[in-house]
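Since the structure comes first, as structure tokens, the remarks are kept for the end.
Here the chain labels run A, B, C and D in written order, and each chain numbers its own residues starting at 1.
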């Protein structure tokens, strides 16, 4: 049988959506010189908090709001660790991920012991015209609003310049009267909110239910995408699309008799290999933000 | 699964009821262990047993540690769990504690003197579900999303295919695996791939598929527990695993002394180890009466043993032209 | 604490109105080290106050306190007589204070314009066109030459310093802090800066000027304050001080600076007598120690080195003059072995080392002192480890084990011999640049190099260190080592070099003997005004 | 205005490390009391089991060492790479590759005698880890391709390789389940104490740690490695071949992680399973950084985590609280230890009576920030 192209594109957009939200969130944070390995946990928290709120209130919108707030709280926590206390960013991030996932699963266990509740009402696709445009609102926002906005803010607003200044040189930011601590804190808060939305997209739009392991490594993929994209918005989006496209393709190939005996795992590995290959082809000499991984201390 | 509550219930339970430990490799949220846990918890609520459990022992050393800890310090009468991915460790511990009844989900053989094995033999309901799906599809294409091609899943999927073939020789059954027990988002994407490839009936061996069916407004078949309420308009029925008969067999062993037997058939339909949930005829497009009749007829044959579902544990190809095979 | 006068009393500024800026009892400790100890200092309207002191005396720290970059442990700051809290640079800017910090504070990935505009950007949309216009106007007011659209990472050190100055001048301010602004500037730029400062001063600007160059201080300051070990040890109107006494004050009990230093510092005008430039070269024309033939280096399409040819004989110091950014850095890298030339030939004692890697060059007896100290030492490692880094083989026993004892002994010996103010176990990052430079010097000289590359060896060093480095270089020369001295400090070149060449846009545009080299001629050559 | 202020210490005295950990533990207990109550258990009982029970019984102690073993391997692996300034986030994948290597020989040459099998199995593991580290290291050295992305993305790929093998050629011949057959008995790393659970892999881990310690602290190579990690520019200037050193450390890192995989197969699992790595590679990053990239630190942190892991399992088993509570506990402990260790750099000092010339109150207090 032949591949259904429309469906392929449609699936690609859906799969890419959480990556775009969270990826841009990670980008914002990393531009300020902080590596946010808490992303996996923040997405997880967003998915869970959003779900619980939506379940209790009966409205996915409330869920989305809760996810955003939850994300901001997680961001503030990460800021406390890496900005306030100046702790090692690798450990803080991984530690935060472990903590958030553990707390969410613990609460899930206490709340929904055993049974798997579903949302009475979840976000639905805006139209059903054809698979390409039959997307969730959050997908449209991600590609048509979030990405351009992020690009514009970073490129041509003072906020963007301050973010980059802090990411590139403490001294320069300091002398220019830009508060390194506040800038990084805000970057973490805003970025984490975006990550949380990325996670909530899965529970509030795609599934309408929550199961453990729901993020399943998507956060790590975003970290890779951001570095792969060299901290620029459009390449992040592009990378997310490449990743999602290979994933969607893999799903279709898996059920076409022609590919029946290609090892499934090979196809499942395609998205990762695709990103690595892309990086290998035109990913020379990544230069990190100069203050990457460095805590800020003032005399 | 219920945090400390289970523990407290067990204390309230009858003092000399046997103490049974549930020891699980995956979190209880995973349906397979979830089903075992549910049956044990139920037995505990009825005062049949006192029940304690620990889950998420993903590595062999964690599993062995827990088992030895329990066997050493808690004097249990029986330990029930799943030995997949830790066969060696579990069997070693069982050998060291011959007086304790060990009953484990396992692909291996029983081990003298006290290690019995069980498994979820759902081929019967799977066959019936296949018949149903075969009858429901109009595009002659059925989509199946499974976790990974392990024997327990394979024989279910193969029985399902066989059933579909019976009611619809021209049906094509497409199978995809997401290679993880969780990640419903991926399962949903896989299901949508099926839909885009023309499938109009889905078999949800994993979470996430029903959501896709709901959106695409096609019927779906659930798994492990009755998932009808998840999408009343779309879940035609579900394969249900009842561990209770197995648990009762274990309790019997506790009183009559440990044995090394294959408890597999306690999961068979005719002993009530598994069933097909009541057909939900008010799904989209409904279910034609003759199809309902056919399924119920076959069900009866299985119960009286006049029909035995073939067991085939080979990995199903990604796309099976039922008619062709 | 200060000898006699309490600060600010007899200064013109405070005659009528209170001083613009007044620091009182400022104390700042870093761990056990007291960087500033109860320092008081004031600047008045239209007044230029010079701040002098050895490396690590506490000048930069004090300046950072005044700008809110460093929070003192105790002390008060008042503006126009009113006590103020300067919690942050933002408030300092608001209060009309501008600064040129000693270490660059630039965002390398941004353009000159963006760097200059950074401090005044709104959160919302920024109008870069307007910012660019402002930069351009400031540029021609101050006669500084810069491309407003160039990314800073593409600029040379000298050019970056210009950016810093423009950054400080582009915004209106009443008090300007200049921390060693001239350390990396060529004479033309220094002139431009001074005339601007003089102009603004007459318009009422108050200036705090930190420098190690007494001649400059004498030129534009009204009053000098001398710091030693974090305390104010003297405060005098410029009228009644001379270079020697200042130097003595700065170094405290230390012996007064040699005439070489004093000469270089312009305290005396004739070149110091006891140097015999050609002393070591009586015995005819020997084979050159270092011979460079049509050396070419291409970077991103530009020929940053263009057929450079040089020869350095034994016992000779060859000076390389030039406005920064004309290939000095690249020349150094090519010779040091950290950049591979696109063409040409480098010979050391007749051995071709063009393709040799760094260790091989070190083996042949090449020593290096680079302009970028912080990229030549591992700041987070100890002094003793840095001292053996180039020479690890010598300190390795069998099984690759490091002979810690020998390393320590080596460090202690060098620390003693080169009067480095540090312990073997101090992290190099915590040393002042002066001592850092001594560490590098010690490391380079410890291997008795046959050829020494010295780039900006005294940049930002205080009188003592300055003189010390010069003495070392001369001594080395007299022992027969060939020295290639790359410097933007004409006084230094004229004081040390036997012969001079001038680099302009990567080519050697002039070679002259020290006898007929004058600042004027050099200046012309460096700016392309004259072909030699 | 407070009479004391916070000041930086020059170098924190050694004993403070222990104190910091103690403080962190206390804070963790305080913070986890609530969730423990929520789970229907009583906190003191839980705390005792989290931290003390494992250490008080001989066999509990063994479990701690057993649990710490893979973490020592991955921790050392990560530390080696990080020290050289090569950000290897791929210990997880390299660990898995190691298990694959060992299982391969363990299945194909199942009947070898222990004398040959043991070294061969370990070697195969190290080789597997090295092989998995090869591509990122090579891309980095040849093309300056960032290793963080490549190593990170190869982790899921490694897991897929394992699953592919288990679904395909190595599917269990008896049960048909997706875990391999048992490796040859010759490959078993026996218990150190007869009847005990700690296998010789632990001893090997200690040896590896000791070697790493000697190399980094006592040899010229160690000095070069540190120089590369802390200032590549300066290192290159001093004639150190930064690329080559980082390349070698990258491969060594992979080898050690792979060795960890080998030890886990030969000492614990005796077969390959899809869940053989409980995120050891990622935890290794934590262990290494928390341990200050020093071999001794790595061992110490690995043991601490081992203790908490064993304790957590014990808690959920005996007090019937969800296992995730243990994860909450260890994650919190992790972050708090990190914070307290960082806090050692500060100390409180009494502020000297402020001097003010004109009696104006000193304005410094409100500027204090730690």
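The definition used in the following text is that contacts are C-beta pairs under 8 Å (C-beta built on N, C-alpha and C of every residue); 3 or more make two chains touch, one makes a residue touch a chain.
Chain by chain, the UniProt names read as follows: A, D = Simple sugar transport system permease protein; C = Simple sugar transport system ATP-binding protein.
The structure presented is a predicted model; accordingly, all values stated were derived computationally and were not measured.
*Asks:* Weigh C-D against A-C on C-beta contact pairs and write down the one with more.
*Replies:* Ranking C-D and A-C by C-beta contacts puts C-D first.
*Asks:* Between chain C and chain D, what's the gap in Å when you average each chain's C-alpha atoms?
*Replies:* Measuring from centre to centre gives 45 Å for this pair.
*Asks:* Just the number, please: Cα centre separation of chain A and chain C in whole Å.
*Replies:* 46
*Asks:* How many Å are there between the centre of chain A and the centre of chain D, using C-alpha atoms for each centre?
*Replies:* Taking the average C-alpha coordinate of chain A and of chain D, the gap between them is 26 Å.
*Asks:* At what distance in angstrom does the C-alpha mean of chain C lie from that of chain B?
*Replies:* Computed value for the inter-centroid distance: 76 Å.
*Asks:* List, in ascending order, every residue of chain C touching at least 2 other chains.
*Replies:* Correct list: 30, 71.
*Asks:* Mind pulling the chain D residues that touch 2 or more other chains?
*Replies:* 38-39, 160, 163, 167, 322, 324, 369
*Asks:* Listing for chain A: what residues touch at least two other chains?
*Replies:* Each of 105, 109-110, 264-265, 268, 298 in chain A touches at least two other chains.
*Asks:* If you go through all the chains, which pairs of them touch?
*Replies:* Those chain pairs which touch are A-B, A-C, A-D, B-D, C-D.
*Asks:* Please output the residues of chain B touching chain D within their complex, sorted ascending.
*Replies:* 3-8, 10, 25, 27, 52-62, 64-66, 68-70, 73-74, 84-88, 106-109, 148-151, 179, 313, 315
*Asks:* Okay, in this complex, where on chain D does chain C touch?
*Replies:* My answer: residues 5, 7-10, 218-224, 226-227, 230-231, 233-241, 351-352, 354-358, 360-364, 366-369.
*Asks:* Contact residues on chain A for chain C in the complex?
*Replies:* Residue positions touching the partner: 156-159, 161-162, 164-165, 168-169, 171-179, 290, 298-299.
*Asks:* For chain D, which residues are in contact with chain B within the complex?
*Replies:* Counting only chain D, the residues touching chain B are 38-41, 59, 63, 66-67, 160, 163, 167, 172, 174-179, 182, 197, 268-271, 273-276, 278, 310, 313-314, 316-324.
*Asks:* Could you pull out which chain A residues touch chain B in their complex?
*Replies:* 1, 4, 6-8, 10-11, 14-15, 105, 108-110, 113-114, 116, 118, 124-125, 131, 202, 206-209, 211-214, 216, 247-248, 251-252, 254-257, 259-261, 264-265, 268
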